[in-house]
Amino acid sequence: MARMLTYAESIREATENEMARDSSVMVLGIGVDDFKGVYGTTTGLVEKFGTDRVVDTPISEDAMTGVAIGAALAGLRPIHVHIRMDFLLLAMNQLVNIAAKGRYMYGGEVCVPMVVRAIIGRSWGQGAQHSQGLHSFFMHVPGLKVVAPSTPYDAKGCLIQSIRDDNPVVFVEHRLIHYQKGHVPEVVYTIPFGQARVLSEGSDITLVGISHMAAECLRAKRYLHDMDLRAEVIDPVSLSPLDIDTIAASVEKTGKLLVVDTAWTACGASAEIIVQVTERLGNAKTECRRMGFAPVTCPTTKNLENHFYPDAQKIASVACRMVNGDRVSTVVDRIPDFSIPPEVSPESVEFRGPF
Amino acid sequence: MVENFYRALYRIRRVEQEIARVYPTDIIKSPIHLSIGQEAVSVGVCEALQPSDVVFGTYRSHALYLAKGGDLKKLISELYGKVTGCAKGKGGSMHLIDTAAGFMGTSAVVGTTIPLAVGYAYALKQSGKDSIVASFFGDGAVEEGVFHETLNFAALKGVPILFICENNGYAINSHQSKRQPMDNICERARVYGMPAERIEDNDIFEIYERVERASSEIRNGREGPRLFECMTYRWREHVGPNEDFDAGYRSRSEAQPWFESDPLKTLGASLEIDRRGQIEVDVEAEIYEAFVFAEESPFPDEDELYTDVFTEA
Amino acid sequence: MARMLTYAESIREATENEMARDSSVMVLGIGVDDFKGVYGTTTGLVEKFGTDRVVDTPISEDAMTGVAIGAALAGLRPIHVHIRMDFLLLAMNQLVNIAAKGRYMYGGEVCVPMVVRAIIGRSWGQGAQHSQGLHSFFMHVPGLKVVAPSTPYDAKGCLIQSIRDDNPVVFVEHRLIHYQKGHVPEVVYTIPFGQARVLSEGSDITLVGISHMAAECLRAKRYLHDMDLRAEVIDPVSLSPLDIDTIAASVEKTGKLLVVDTAWTACGASAEIIVQVTERLGNAKTECRRMGFAPVTCPTTKNLENHFYPDAQKIASVACRMVNGDRVSTVVDRIPDFSIPPEVSPESVEFRGPF
Amino acid sequence: MVENFYRALYRIRRVEQEIARVYPTDIIKSPIHLSIGQEAVSVGVCEALQPSDVVFGTYRSHALYLAKGGDLKKLISELYGKVTGCAKGKGGSMHLIDTAAGFMGTSAVVGTTIPLAVGYAYALKQSGKDSIVASFFGDGAVEEGVFHETLNFAALKGVPILFICENNGYAINSHQSKRQPMDNICERARVYGMPAERIEDNDIFEIYERVERASSEIRNGREGPRLFECMTYRWREHVGPNEDFDAGYRSRSEAQPWFESDPLKTLGASLEIDRRGQIEVDVEAEIYEAFVFAEESPFPDEDELYTDVFTEA
């Protein structure tokens, strides 16, 4: 029988493997050694590897990012953990001005092998400052790699790949998938960057789902199936580098592309994917749309929050109208509800208590 | 004064207990950081301030909101995500505001409101107004660079502000000694040339008196900022409604002295039984009403999602 | 005769006008009161308005941004000046988590009327950390307005508009245009946000140039003219809100769009403009390309730096090939030189010494 | 020792003078921040360090680069934007590096290398190596929050690092008193429990001796960080090759005592004339050679634009 782990367990396993294999790997971050272990992703590591290699840090994101970079310059391989991606806003100077640029501006003399684990905080009620998906910032800046696996299988392989990479990697997680289970082999394996994953084949439309939205796209596919529409669902997995070949090949087949992100769309990853596809396919007739956070600050109250996020129903609504040729309003975030049974994603239903 | 203190403490304690009580039903869909055990700091400071003075707080600010005169119904409604909340349900527990009460806002990101408070105080000073500002934050926030940057600027410009550090010994589950090489937050302020005092034991009278004195000294605009480190203790888990003495990072025996010196208990014991009873009855009625109000209030309309992004001209 | 001012003088005039008109307007930032006056944009203000309203700040970008926001909450209208946009990386937390979200997360109870003047630092040799155009970060986040005027005329009107706006506005300048002269009326005027400016009409291709690239696009137009191609040149002026109507109408006419930014292209403003145009025009046949910084860190040495930035020649090369239908490689940043006389933009030639 | 000091000081001074001399021709297309007048700090500290020790600096680090043993030809070539430069011309004056010499890099953004240095020192300590790190920065950098965050962490973990604050009294054209309420940078370090000393008068012997002692104390790994505030003075404008005593923000008379106590002058006077002459002749030859080397070196190929973004596996 397949070995099943949660996404969080898979991250923990990858970290433990690498720490055991390579004594230069270390973990630092607020609360990495505490009893909650950052949603269980670091549980037990301090007992095994000690406080020198598993470092609870002061609340000093800017300096601690610099410390991680400095340790990387000296040959360590730090994994810096942030329980909310929002806190990276305090570390932008170090990430953009040093981590991303170090190798280039020193003419190739150094490298910065570090991993920044950034968790997108959505559960419910996380509100304005604990819910942001800011991966497009890091995609914008040359010198950083960005990866956002959506399954336990990819989480393990990508994290090991990230740790072994000699460059700074922003590893994007999503809180709602931490407790999702999936097949994770016990063996150590890596997943190369720049390879998108076709989660499910189809011919009528290409759905690209980033991070948690990959799961929502798969659910949307089921709705669409009931309407006799075959969606191809792709998880880019790696955002920078981006495997535009796989996505463009799919779009060439389907003629329609809907990119769904767990982030805002303006200057977002969804915009980038669409532009790269149109650049690749020239002025062939392709219709492209994007969905993401509503273009507002994330509200706390659940009944507004539900409208803030894309979900399977909304994705299916937009996809269906794209395929059926109805003219879709440009404000794709405000599609009125389609006639789809009001099921909700299990992650959000199962979620209780924001702890 | 004792009665006022008791009423304020009792009201906050009971509001937070009620929040904790209903929380497991999931009717409140917002992370909550309770101040149970720490109420004396907010009450002691705010009783020493004027209504026109202004405070800024953190995600752990139910107590501060109430102590500064924030509307209780709007607080509970905010937690319930209702449109009658102080932020129309858009903010939740971590983003409280009541401008009418001089409660200028809280933030979920550690340390972020400290410079806001100083900017506000700078504006007050420039406009020649008589009001002052108090900036509340935890012992963890002093590890953020912005704390230092802000104190440096505040002292340089002599703005009328009180920095109130609520030192409860922990940032989430990490003891101060795991995060700071010295237990000397006051020293960290004094290097900027500002007077700084530690107030031990969650002592509401000490807090009130010292803050009262300091605030009248800085109110005239001639003396600059002050810092108070108020030693206190959080009785519940960092976030959520429960106790967590079995989690391993701290013991119940560490908490014991704080339970025993609880100002709510000692003040309550000093009150005449009837007066005390009356206060409690009044407060209970008010709380009951506030929860009913919140439950009965409507959620914001879907269209509210798109409002308040910008101020229209 | 038309009254001619430099871009820097125009900014200074707008600031002085508003400070004289409204005592709540203040200026703060590193060196705003010194003898260089931030390229002359703040010269004389401290003498006129005093040190309370013209505040030289400590080197504390994070806190000073918070201080500006706090002052705005109290009713002041701060203009926070940054001589390099790169330094905003230290202020991202306050800008994104508070300035952008304050009004929304407090349910409309407050507003944050502030202006953040951010200067893109290119001259020569500014290298990795003094040359970045990071405006797409601010376009990504709801609650911020972003404006990037390219002429002295627009600089004055947009700055006055920004100061009077009750919301946080990121005002993007470019060092190479500070010394450019143009017509600036003495009268006080505002330029509403969300209105692109058609700098020059044409029918064969639409060139959209952001900030300094508007000037390069105009120059490119001259090259193209010599080849009998008529380019329409548009300066979006305001990036958020974006006047997509004007741009899309132009593209509907020309069928070709080339967006040129003084920033990286991945998840950049250029990507956003292209996607909005394709969303607007549906799957009509339009060819869209973008140019910007090469996808690397900015090198210091001039002979690499020259290849890092788009310029009139490179723009004309790409535009020409788009119109002539040659298949353009997707890496538009590496177009081999087209047969255009090697003139260089006067800004870069005139520039001497990075002071 | 005096001879070594003199050679190092003379070499740096003359290199920077040469840079300033050619700068108006625009052959160097990179902003330059000269250390003329401040050389004693870099030399005094680096002479007290071991070759295997590591330093991090700022955009004003020609002196530090040379004092730590960085390659002169690679420095000048870097300024000339040549592929033979220490960063292949990609870095320029503000992004110097020479890993072989333990010169681990500089940055144009104030304060950014301070935590890098501590991270490096953390790694050294963890690996059990005997080396230490010195982090150089200006008096302005202490206003950045990252300075405090970093010192807090460094002291907490007891990493083997020396913080060297080069206090030249100014950040660009703003005097320290315009930016900091107190003239007490050492105090700002002591609150983290680390010893901190001010060294007055640009005194190269004092710097050498005290740093030597401190470095041997922290080298064994048992004692934590130290800070030295080295008082010095910048003779030229903040950025660029010229003097700026007529700009209005400072006076030539303020500089006068620094001119007079210039260690280059006093050390030079103490040397036997022939020895001194020989040193100077050697150094001049080396400098001449370095500039010729730089001039004759090729610029990087256009293809270099796209290399060094990532380390390939």
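A, B, C and D are the chain letters, set down in written order, and residue numbers restart from 1 in every chain.
Keep in mind that, in the parts below, contacts are C-beta pairs under 8 Å (C-beta built on N, C-alpha and C of every residue); 3 or more make two chains touch, one makes a residue touch a chain.
Not measured: the values here are computed from a predicted model.
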| item | value |
| --- | --- |
| Mutual neighbours - chains that touch chain C and chain D alike | A, B |
| Furthest chain, CA centroid comparison against chain D | B |
| Chain B and chain D, separation of their C-alpha mean positions in angstrom | 46 |
| Geometric centre distance via CA averages, chain D-chain A, whole Å | 41 |
| Distance from the mean Cα position of chain B to that of chain A, given in whole angstrom | 35 |
| Centre distance in Å when chain A and chain C are each reduced to the mean of their C-alpha atoms | 30 |
| Residue numbers of chain A (touch at least two other chains) | 57-58, 60, 62-63, 86, 89-90, 93, 97, 104-105, 127-129, 142-143, 295-297, 299-300 |
| Sites on chain B at which at least two other chains make contact | 85, 87, 89-91, 95, 107, 109, 143-146, 149, 152, 156, 179-180, 309 |
| Graph class of chain-chain contacts, one of line, ring, star, complete, other | complete |
| In the complex with chain C, residue positions of chain A that touch it | 62, 86, 89-90, 92-93, 96-97, 100-101, 104-105, 127-129, 132, 134, 136-137, 139-143, 240, 264, 266-269, 271-272, 274-276, 278-280, 282-283, 285-290, 295-297, 299-300, 327, 330 |
| Residues on chain D engaged by chain A in the complex (per definition of touch) | 54, 56, 85-91, 95, 97, 99, 104-105, 107, 109, 112-124, 126-127, 145-146, 149-150, 152-153, 156, 307-311, 313 |
| Complex interface listing, chain D residues touching chain B | 143-149, 152, 155-156, 179-182, 184, 187-188, 191-193 |
| Complex contacts: residues of chain B adjacent to chain A | 26, 28-31, 81-82, 85, 87, 89-95, 107-111, 140-141, 143-145, 171-174, 178-180, 237, 239-240, 247-249, 299-300, 302, 304-306, 309 |
| Sites on chain C touched by chain B in the complex | 26, 52-53, 57-58, 60, 62-76, 78, 93-94, 97-98, 102-111, 113, 142-143, 145, 165-167 |
